[in-house]
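Dropping a structure here in structure tokens format, bear with me for questions.
For reference, chains read A, B, C, D and E in written order, and residue numbers begin at 1 within each chain.
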Amino acid sequence: MFRKRHPPAGARPGTLVINGDASKPTVRVMEYTAEAVQEHELADVQELRGLLARDSLSWIDVEGLGDEQVLRSIADIFELHPLALEDVVNVPQRPKVENYEKHLLYITRMAILDDAYAIHAQQISIYLGPNFVLTFQEDHQDVLDPVRTRLRQGKGPIRKSGPDYLAYAIIDAVIDAYYPILESYGEILESLEDEIVEQPRRSILRRIHQMKRELLSVRRAIWPQREAINSLIRDENPLISDAVRVYLRDCYDHCIQIIDVVETYRELASGLMDVYLSSLGNRTNDVMKVLTIMASIFIPLTFMAGVYGMNFEHMPELRTRYGYPVLMAAMIAVAVGMVMFFRRKGWLGEERSSTGDDVPS
Amino acid sequence: MFRKRHPPAGARPGTLVINGDASKPTVRVMEYTAEAVQEHELADVQELRGLLARDSLSWIDVEGLGDEQVLRSIADIFELHPLALEDVVNVPQRPKVENYEKHLLYITRMAILDDAYAIHAQQISIYLGPNFVLTFQEDHQDVLDPVRTRLRQGKGPIRKSGPDYLAYAIIDAVIDAYYPILESYGEILESLEDEIVEQPRRSILRRIHQMKRELLSVRRAIWPQREAINSLIRDENPLISDAVRVYLRDCYDHCIQIIDVVETYRELASGLMDVYLSSLGNRTNDVMKVLTIMASIFIPLTFMAGVYGMNFEHMPELRTRYGYPVLMAAMIAVAVGMVMFFRRKGWLGEERSSTGDDVPS
Amino acid sequence: MFRKRHPPAGARPGTLVINGDASKPTVRVMEYTAEAVQEHELADVQELRGLLARDSLSWIDVEGLGDEQVLRSIADIFELHPLALEDVVNVPQRPKVENYEKHLLYITRMAILDDAYAIHAQQISIYLGPNFVLTFQEDHQDVLDPVRTRLRQGKGPIRKSGPDYLAYAIIDAVIDAYYPILESYGEILESLEDEIVEQPRRSILRRIHQMKRELLSVRRAIWPQREAINSLIRDENPLISDAVRVYLRDCYDHCIQIIDVVETYRELASGLMDVYLSSLGNRTNDVMKVLTIMASIFIPLTFMAGVYGMNFEHMPELRTRYGYPVLMAAMIAVAVGMVMFFRRKGWLGEERSSTGDDVPS
Amino acid sequence: MFRKRHPPAGARPGTLVINGDASKPTVRVMEYTAEAVQEHELADVQELRGLLARDSLSWIDVEGLGDEQVLRSIADIFELHPLALEDVVNVPQRPKVENYEKHLLYITRMAILDDAYAIHAQQISIYLGPNFVLTFQEDHQDVLDPVRTRLRQGKGPIRKSGPDYLAYAIIDAVIDAYYPILESYGEILESLEDEIVEQPRRSILRRIHQMKRELLSVRRAIWPQREAINSLIRDENPLISDAVRVYLRDCYDHCIQIIDVVETYRELASGLMDVYLSSLGNRTNDVMKVLTIMASIFIPLTFMAGVYGMNFEHMPELRTRYGYPVLMAAMIAVAVGMVMFFRRKGWLGEERSSTGDDVPS
Amino acid sequence: MFRKRHPPAGARPGTLVINGDASKPTVRVMEYTAEAVQEHELADVQELRGLLARDSLSWIDVEGLGDEQVLRSIADIFELHPLALEDVVNVPQRPKVENYEKHLLYITRMAILDDAYAIHAQQISIYLGPNFVLTFQEDHQDVLDPVRTRLRQGKGPIRKSGPDYLAYAIIDAVIDAYYPILESYGEILESLEDEIVEQPRRSILRRIHQMKRELLSVRRAIWPQREAINSLIRDENPLISDAVRVYLRDCYDHCIQIIDVVETYRELASGLMDVYLSSLGNRTNDVMKVLTIMASIFIPLTFMAGVYGMNFEHMPELRTRYGYPVLMAAMIAVAVGMVMFFRRKGWLGEERSSTGDDVPS
């Protein structure tokens, strides 16, 4: 469910809503040139001031949004617009790009799958300047380790390019992290489908509904990223070089592909609900048939037995020698007749015949 | 349900429809400069004439639309176009912006939640001039108290900026007031979902339908605000400064986020209806199974008892020493056979097995 | 259902399809200046020729399309393009604007509600010239009386403005006439909703379907009017003055508001169908429970009675002193056990418990 | 179902797929001037060469696509582009316009209703040149006889105008032929609706599905024609005069109206399926009620009779004088009690009460 | 289900994901001039270097993506951009066009139907240069044999035109291969429909769901190809000649037609699910009716028999001469009454009456 850290309605813009439970911010700096990387965790955010003046590039990663003082200091050093800081702190914001005079703010949402296969969408805010990338995350858990590894190893263009390339690498890592989630969901959908056909348990209903809800979450997270990346590619902003725009086009394609798959999965999940409802109808039908067959065979027989259980004095059949065996024979005939009637209706044999061919010949 | 105070069809434009039950208008004025605020309630609307000539800025808040005379006087003083006055009085109008030569009319809808969690959408009309903001509300209840507090306290830019900033603050307060409503609805949806799975009562049907109806109301109220804010941002109007346009972009983002959440909730609510229908089918199934099991076990036994209740003279079994116990044993065998048949079908044990795993392993 | 008076397929354009049952045309003229109004009904359409040469403005209202001769004469006098006359006569056309060199044809559809709350959509064709408005209606019943009253009373700008203002007044009257219809439909939807929850009768099914059908009719009538009014506002046509364009924008807003409400009502009506289906499922469930409870209690008892109705000679229980009361006690125990089983399942008490709380606490 | 005469995948463009069963082509020529018409059927297509050089206009109508030799000869004479010929022969193509240097190809689909009210959509390809119209049809059955009649009679502008007017007349005839089909479908929908409410037979299910399928066919045939006509109106092509463009706008309006009606009918048909499902639920409910009432009344009575059929020696009631009548009275009391219980539940009287009011008071 | 060979999230762009199970690449070259064709399979990819310098045109077809070394060598020779190579190898990509300075990459998806009528969508990447076409496929199975045959036979313009024509021929072959698939699906839908009406087996549910899933696959494969072809036609790229653009327009039309058919089939499949659900309801109804009829006839009779099986001493009827035959007659009367009641309700005769007329008279 949707829960936004929003200021009290009508509060002045720029009000930060700091959640007492939120993680305290830790600030990790990776300072790099084409030749080398230096990594350290900052004790005092004021150390960041020196960073901006140097020639090297830096990635400052702020994890945790639980201390207004620290966040305001950072905003002060990097000249964040008050509204930009509000967007960073009052999560979740809709993914978007904000162009400021000398900086660019890109807000995106990364998806982390928990053990119950539920999506936890966390906001990553990427603030791009001429020689730094500043990222804010809600928590310490993220999908950016591969980017850190590439920075450390220095293979590929990542250390040789500008901060826009690093920003691209982060955006790309966020989007790529949706692929394994979709694969998990694809497998869950497949297993749900198999289960519905083979042995439709009751819990499946809730699991389909959960799947639909999670897919809605993914959709809500990924859809606006498409627009945001597109405006990164399209907008004239000197911070993004043309070379990086080409890479962003690739990101954009992946984003659209993820949207495609999500929409397909949502339709499949809706289809599964229909299949479940139908199979429920089939089972009710089965139950009804058993009842009807049992009742239709034995109720007439019980009636026949009832007739000859009557105590009339003048019931000549009761005295005949073969009354009893004749009646028993009649009862068997009735029972066999009913069974044949049901067999002709196909109520007795269907279960066997339905397991066969799944495609038409 | 929709009820509009519309003039008789074909009436001339500008006709005001004054509802006898509507609140009498009260006029509250907040006159402010960067240094100070003066607040008072007006006894006579003619006092407003002086206000326009002064250097200070004013917020004139008209609450209640129940007196045509007063409204026409105000319109006269502030030079409202006849159609503008009609839009203000004949509520509800669709949220929109109307640009006049020297003024701007912004019509929006604020949502107030009543105790039964139903939306009451009330129109707020914001009429912006060079040194005043004139607002009209249907009633005395509103979501603007935080704006008043900010004006009184004078923190932030609100008293230092022009009337366009005040108008923005009001629009922002209106939109922000949707967030707590959506959170309430999110919680209701969650509790409905839990209830459907655990103990689906009949009243849930109506509550889901109510939830869908309320969400439709929110949607109808918020959707056109998106367009309206967008045209505020986009239109060339000297009354709105560029600085305020930046803030309005923020409003616009919030508006889109609310729309996103509303659409998601509507899909979830539809999904819940499906889940309810399915769980209804499951319960019918359960009832049927109990009936079928009871009937299938006892009807054959009753028949057997009926056979030996017959009064034929020649029924040799009746005379044998062990006829009775043998029959009883046969009856037990039949009953056990039926129970085993139903256990094999999974009709006896399913309820237990279905409460387990909710996610596939 | 859709029935169009269309010429035989492939007939040459301009072919008029005169329905024998259609009302004979009557021609009513209102000739007006700022000072006075003259009203009369014409006996001979040739009198219209004089009208065009005079300085005064006229509204010529042709009611009934049942006489080709009369219609062709009028077309001749006012220089209607053959296709324009075809559009006027072969009703219904889709609402639209056609710009001719010196004239403008606006086709719209007015909605009249009959006693059974069904929509009768009738075409009004408004042909606007430099000093006249010529309207064609299918029938004598219309929604334009308020416009006539305004012309007679001469209040407001209607007599002082050009014919474009009169055309606007007619268009506005047509659109405003949709509001009371929507309110009726809103009330019907509300009463249907109450009924479904309290006492879902069978006839409700048909009434929901009828409501959906009527809403589709309204939608088909109102949707193209939106485009038509928009093109009136947007197109460069000297016949429409800028002052009237402002009023038409108001019309346009009303049109969109009506569309909004219609769409909302359609969703509510669809939701009601779901609620009805669910309440049907609930009722089937109730019926099943009664049957199951009755059968489950009495079938085992009947079996027990059957056992002791058997005629075996060696049934020791039959001879014991307290066999009968012991058996009766056992039967009561079985019955009480079944009742307790059903109470535990919640099948006996639910109806009472379900009428309570409608909103979550 | 969709069946296209497509060449083997990957065949070179221009490959014609001649179906052995297709009708052999007959070539009918109508050569006309403002004064006269000459009609004849050609034995040898080479005669067509003379036609192009003459001053008169011609309509060459090729019916049947079953002879590649003939078709290639015609293509050769009229200079059809290989792709144009492919479009003409490999039916069905999507309706569209293709502009060639000196010619124009317009592909459309005419709908013919068979006796079972199923749509047979046939392609008509209209190839327009400076002094001829060349049409290709799949078969001899068409909807163009009214156009031929108009040509023969010479009334209206058809013989006095250029070939573009003839092409328009053909397009118009094709579109107008959809109107009677929609009216038939409207009547079928109405009769289905009445039937569902009064006496819902099982066959209705299939008929609703068929109706939906036919409406999908109409939609697929008419939707692209809208685009095609629009591009005829909009594209700069000297073959189409401005006068004819005005007429085509009329065609375009009809096309949109047909689309409107088709969409409305599709929604009504979907609504009918819901109504049918609900009425099915109602009937199941009725059946259940009969069973429940019968069983609930007689099962307790049978039990009571069973008790006094037991053979206990010590059952004092059996010996009392009034045991039998007292028991019979008790049985009647139980039966009456059950009947009253069901009457209170409304299960006995509903069928009568549901036939009354169809609109709320 | 969706499975993409994607690099670990956050890997640097250009990372290739080589699946160990993927086919090893084989490289087949067709070198051709207007006069002749040479075909051979390459042992060493370095031989390709010579090819680029020659005057002849070549089609280099790489089948299988299982060897990074080979793929990188080819990319090196043909100057593929690293992102282009990634698009080629990390299948599936969304169909798209990428314009590079001197080359053009077109990614498409061909559909191959397996024996179970399931779609296997395989990516074909077409890399077009000034004198070559380089294609990459996932596997050795493809739909391009007709193109190879046309090259070998040299009929038509294929050998006389540039490499853009060859690229078009390949794109066209890929799209045309969807037609027979759609025809198979059309036939399956028809057979499903017949089956549902005649003998709705349980397996049909799964087959409808499978059909819907396959149609979703086709849709996901074909929809982006429409955009891709459109941008081929529209984009200014010197590699594509105007003559070939005309042919591509034809491709585009086919693409849209396939989308049309897919959408129609999806709606039909959804409709079938509804029909199945309804027919399920009908069958439950039938089962219920049999039960109700049997129970309603015999339960009252059993009760009557039970009454006269009671052992009261004072039951005068038991002693009368004609008690037994009179009771039997009463029983027959009751049974006949019940049968007549059910016949009047239409429960006995419906099955016969429902097989008749399928269209309204």
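By our rule, contacts are C-beta pairs under 8 Å (C-beta built on N, C-alpha and C of every residue); 3 or more make two chains touch, one makes a residue touch a chain.
Computed from a predicted structure; not experimentally measured.
The minimum number of touch steps linking chain C to chain E comes to 2.
Both chain B and chain E are touched by A. Between chain B and chain D, the superposing rotation on Cα atoms measures out at 145°, rounded to the nearest 5. Once the centre of each chain is set as its mean CA position, chain A and chain B turn out to be 25 Å apart. Chain A and chain D have Cα centroids lying 41 Å from one another.
Residues of chain E in contact with at least two other chains: 187, 277, 281, 284, 288, 291, 295, 299, 302, 306, 309-311, 315. Beginning the circuit at chain A and passing next to chain B, one meets the chains round the ring in the sequence A, B, C, D, E. Residues 143-147, 149-150, 155-158, 169, 172-173, 176-177, 179-180, 182-183, 186-187, 189-190, 193, 197, 246-247, 250, 253, 256-257, 260-261, 264-265, 267-268, 271-272, 274-275, 277-279, 281-282, 284-285, 288-289, 291-292, 295-296, 299-300, 302-303, 306-307, 309-315, 346-347, 350-351, 353-360 of chain A are the ones that touch chain E when the two sit in their complex. On the side of chain C, the complex with chain D involves touching residues 1-4, 6-14, 83, 86-87, 93-94, 96, 116-117, 187-188, 191-192, 199, 201-203, 205-207, 209-210, 212-213, 216, 220, 224, 273, 276-277, 280-281, 283-284, 287-288, 290-291, 294-295, 298-299, 301-302, 305-306, 308-311, 315, 317-324, 327.
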